[in-house]
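Please find the structures below.
You will see chain A twice below: alongside chain B first, and alongside chain C after that.
Moving on to the complex of A and B:
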């Protein structure tokens, strides 16, 4: 009979033994070494029947199909744009995924997106070699004019967005800023100077307390305190 | 390329507030100084200003004085920007930015005359201490200049001359006790101009939007020692 050494939602560090014996299965973020299952990264344990998974708490972003990400144009290619995705792998936005305009061969692509510009796009395909293709066709996918971008821990992004976007819409309502959170950990904000600072500080607070429960209520209280106004979710 | 972020910075500065919530003439907090950061150097220090981290180490050796100043020791300042500290830094020979940083730090120490170079001489024309100051940013979150100058000063305060054996060779393994005599303490302060605004302690975004930059070294008595104007965009 195998023995489980950790409880659900325990925080574990790389190399920590999670279970001994062959009855449990190593899931995402864990690996087996002989009889033992060990943690491969820092994270929260999630036990799902016989499988032991880790919800990561650190690490870089790895592109995944279907993610909406904030990227930066780093190069103009013959047939599109190369984008920095805040991960080890750059993405390519091809002309046909960028616009439905007719583009003449050899046209200057910077009139659509120039170097250094920020885009919200969606990953359509990630190959086994981690070549990433993105598209700009879809609701909410656009060129981010003005504003500024800062980075957050990618593993905390789900908490920043909240259930059905509850957290981020609360931030928008409380501060009046426009906010776009990319799955890759880049957050774009634009608004009044003092309100932007409130957003950045609130997001830093969410990152710090992401593992606690009842975070939305806590953040509501916090935002009401710093803005001095009633906040609706 | 940086026009949009520059416009945004200026818009926020008009409201009197910067990206991290600071006022224009406010440094990041905390500013910390840690002495004796490395064991192998004769003097070392780590300085943090906000998220910017810089370490500085000082090594020494006995060399020949320059012919034009036979009774003075020498000093060298070097800086190496590691790719680890900022993704825009490249490994390899020192670039223009790291040479500039090293020279500005060098001038601050040299022109303030905080080191009495005559006291570094052991044998006129033959033997003198050479002080080698090496600066290495661990994390570049902006304003490396001020952090490096502070780190160099702190490392000088931590510096101990190594002992010499009977043949006059340096025994690096033992840490000496004799300090270097500092006559004053120069601190450098960088002010940048963005649009019509002047700000201190810039972060990376603000450094990219710079119109002009001015570094001054000052003493406690507020004597201006050095000016370095750079990156003037007309």
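Moving on to the complex of A and C:
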């Protein structure tokens, strides 16, 4: 007989015993030691049938295949660009993944993307040694001109985007700003100066209250108050 | 005669007053503050991030890099000369070794997790306070670890075994003194740091370690409470 010692949505710290017995399965962020399942990091308990996993609350971004990220050009290579990804590992954008133009050997790559420019790209491959390949070919992948970039907690990004992007599109509708949220925790916004401020404050609010339910409704109310207009989702 | 009453009036197995808080340094990935009596430790964790110089990178795993620093005004005696010393270098090293057994950095090859421990006020037991704070800061930074680490000093003052020696006890002149900093994983009871300054018999050492284990359970509860307090649903 297996005994569960925590509830769904409990905060647990490393080394805390989550369950005793073999009926439960250790999921992400947990590990088994003999009969016990213990927490392997700080996180929020999520119980799914027999499996117990932890949802991280903090921590830096780790590149993952398929993620769309906002990154910055930090170096020009022989055959592409090196990008800062807001993680411990830089990414490489190769020429053939950047554009369908024919680029002559020895051409000046800064004509395409210069140092310090911001790009939205998609991770196509991550090796075991965390070498990251990204592409610019795909819908919505482009270089970002103007606007500004700020960083948020990467673990809160899903809440900022919302279900099927509901939260972001609400922010866009309410403020008229263009917004791109990267999975790596970098957010690019462009719009009127006072509206940009509203977006930043709203996103900070989402980060703070990410664990509460009914957040979209709460944010709708908040945005209606600060913009003084009716907000559609 | 013997050491019958502790100088500050505590019981033999009683620690100084403890206070702990997590998330005190906003720009760090994780941070914590731990105070025991007049010893204050702040720990800040940055990373995992790219490791330079490059030759120190390990393709198999990320590495932990600790820095222990007593601030110039922290001592109750002479001013501490700023910058590293032989002592701080050693303590940084033992801190690293006390913490790395619980960490799993295999997901971050070639990278480094930096831990900075700063002590604005010290009065004995600073390496233990530093390790305890650093363990909380690492957990706050969301790094994979199998357990926390708690540390405390135990020791012998003349004929008595006491927990958490303060400066007056370390410097006791009425008889022999042994100061033993201990760091432990509270769940498994594995010891990750054990040093000693002084002399003690085998039996007394065993007794002292037993008392340390009990005290560390208490410290671990404080660590847990501090961590949960930061993420508490309001």
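Methods note: the second predicted complex is superposed on the first by the 233 of 233 C-alpha atoms of A that agree within 3 Å, B and C clash if a C-alpha of one lies under 4 Å from a C-alpha of the other, contacts with A are read in each partner's own complex, and residues count from 1 in each chain.
We take it that a residue touches a chain if its C-beta (ideal position, glycine included) is under 8 Å from a C-beta of that chain, and two chains touch if they have at least 3 such contacts.
Keep in mind the model is a prediction, meaning the values are calculated, not measured.
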So if we stack both complexes on chain A, do chain B and chain C clash, or do they fit? clash
With both complexes superposed on chain A, which partner does A:60 reach: first (chain B), second (chain C), both or neither? second
Regarding the shared-chain residue A:6, is it in contact with chain B (first), chain C (second), both, or neither? neither
Just checking: does A:20 make contact with chain B only, chain C only, both, or neither of them? Give me first, second, both or neither. neither
Could you tell me if A:155 is touching chain B, chain C, both of them or neither one (first, second, both, neither)? second
Give one of first, second, both or neither to describe whether A:89 is in contact with chain B, with chain C, with both, or with none. second
What is the contact status of A:212 with respect to chain B (first) and chain C (second): first, second, both, or neither? second
Going by the contact rule set out at the top, does A:226 touch chain B (first), chain C (second), both, or neither? neither
When both complexes are superposed, which of chain B and chain C contacts more residues belonging to chain A? C
Taking the complex as given, what residues does chain B use to touch chain A? 1-2, 4-5, 7-8, 11-17, 19-21, 205
Chain B touches which residues of chain A in the complex? 114-117, 145-148, 150, 190, 192-194, 196-197, 200-201
For chain C, which residues count as touching chain A in their complex? 29-30, 47-50, 59, 62, 102, 104, 107-111, 139-148, 185-187, 223-224, 227-228, 231-233
Inside the complex, what are the residues of chain A that reach chain C? 9, 11, 13-17, 29, 31, 38, 40-44, 56-60, 62, 87-90, 128-130, 155, 211-212
